[in-house]
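Labels A, B and C are assigned to the chains in the order they are written; within every chain, residues are numbered from 1.
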Amino acid sequence: MNSLYWIELFGVAVFAIAGTLEASRKRFDLFGVLVLAFVTALGGGTLRDLLLNVSPLAWIADLTLAYTALIAATLAFILVKFVAIPFKALLYADAIGLAAFTVSGTQASFDLGLPGLVVVMMGMASGIAGGIFRDLLANEVPLIFRRDVYATAALIGSLVSYLLFLFGVAEFICVITGFAIIVAIRFAAIRWQLSLPRFLFTTSYRQPSDKENS
Amino acid sequence: MNSLYWIELFGVAVFAIAGTLEASRKRFDLFGVLVLAFVTALGGGTLRDLLLNVSPLAWIADLTLAYTALIAATLAFILVKFVAIPFKALLYADAIGLAAFTVSGTQASFDLGLPGLVVVMMGMASGIAGGIFRDLLANEVPLIFRRDVYATAALIGSLVSYLLFLFGVAEFICVITGFAIIVAIRFAAIRWQLSLPRFLFTTSYRQPSDKENS
Amino acid sequence: MNSLYWIELFGVAVFAIAGTLEASRKRFDLFGVLVLAFVTALGGGTLRDLLLNVSPLAWIADLTLAYTALIAATLAFILVKFVAIPFKALLYADAIGLAAFTVSGTQASFDLGLPGLVVVMMGMASGIAGGIFRDLLANEVPLIFRRDVYATAALIGSLVSYLLFLFGVAEFICVITGFAIIVAIRFAAIRWQLSLPRFLFTTSYRQPSDKENS
């Protein structure tokens, strides 16, 4: 449980920064930034706790999480005012947060003795939710739905760490391995604009008479 | 409870297909498709379970629901790659899922002995939520808010099945009747572009000096 | 607890009206209006009850809340058909609902003996959630993220009423004071187009080579 706590704290800090970066691009004021940072940083864990019926929520039970989000967001806010932060910084920060929350969600579900499919789905949900909330509120198409190997990274990372947990591998190794896999896949996708092979894409056939409204 | 289970399973499959169809139009990759299909298929039931404090969630307690969503989405994904699927297919699939989840949500709430207004509202919420989540994530205006007799269908179906439950009619009849009503209303609306009478619409008076920003 | 109940009821009515006004601008039909009004009016309290693990939800336990939303929305719907309602009416209605739900969420969390940071965050969340749900579903950028002293008002009102609760001030005074502060700040911001000082804004440096897609 020790590494679970620290990876979650790390994910909260990084996602708070990601939320601040996204809010900065939208020119929010300080308190709008803090709201978006909180939702991004605490949203995934909150969703996981709600679905798994864990009460009280992690950030209600332990104030460190909320204060971490607050401090990380404030520091990032100040930094952004003085340093030019490229858009890719948001993508890399999001990738790190995605990795942290995916493996912490996977471990939390595994510790509850849930079936494998649920563990992997809950891990993915914990990882992707914060970014989805952030993008929805900022009126952006969620990153997960762009052509960039996002859900795939979360899936593979969650699956691998789940299997490692299942085989009794030391907790620290499971967490670090899953985290590293997701970060590696996402960083490569961002760096080299990767996407899945063509046959794994859908194609959309639209008849000329299709009307968008019912 | 037997028909409740089967109608829910049916709704999960159909909404997974609807989610896949919508993801296909947005050209998601396979895993983005699966994520959108899962959210659409399991979102309404999850929201209902959360609001009614049912724990564990239906799809955590019974893996059949998640596997159904997975298989239905994958099959639909493969189908879409070979066959041209018109936009209306999505509307019809959504209508069937709406009907299935509305009646299952109505029955689940009724079985808990809740007041009539809550039963009908919870039934409607269960039915419309999956589609709303799907449309929000896909960056579409939710179907329920277009001029096409959507909420009305869910309301009438929920209300009628609730009244049938109340009068002690056999469970199977209540479920099938409510389901058929919603499907009939939505199919008619899609087929003949129906909408409510003019007096049931709002009109928006905008003064020339209205500015969209505060 | 008496003033908590009445301020919540008042907030439900006002937010139902705000939801109806927003739906009117989008030309929803009557039932689409009712759905949006319900989500706006009951969304904040529902989110608060979910996060605080309060079961059953306030509007399931007490039908008055749902009926209040229903009646307020229907009356507003009828009014809108006959009277030109300017956009600013929506902003003022939203401000009153924001104030009501922020202080009721703050009090509800305080009564549970939660830490100060959680009480203030939960108060803010209860206040801003209804408007965010309304704007998301209506496909608008949430009001909280426009440059207009929105989150700030909720924060100050929640913080002040929390401190008054902490110092043992009579409950009625705490509630009215917090409510008045939020209403005053938001009304001033709407009336005089106020925004925070420039240094509390973020600026966004975009390098020319920034591409929006990863």
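In this text, contacts are C-beta pairs under 8 Å (C-beta built on N, C-alpha and C of every residue); 3 or more make two chains touch, one makes a residue touch a chain.
Bear in mind that the values here come from a model prediction, so they are computed numbers and not experimental data.
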Same vs different contact residues, chain B with chain C, by half of numbers used: different
Turn needed to bring chain A onto chain C - CA fit, degrees, nearest 5: 120
Cα-centroid distance, chain B relative to chain C, in whole angstrom: 27
Shared interface positions of chain C, touching two or more other chains: 50, 136, 147
Interfacial residue positions of chain A with respect to chain C in the complex: 20, 23-36, 38, 46, 50, 55-57, 59-60, 63, 66-67, 77, 80-81, 83-88, 91, 136-139, 143, 146-148, 189-190, 193
Contact footprint of chain C on chain B as seen in their complex: 50-53, 114-115, 117-118, 121, 124, 128, 132, 136, 141-142, 144-145, 147, 149-152, 155, 195-196, 199-207, 210-214
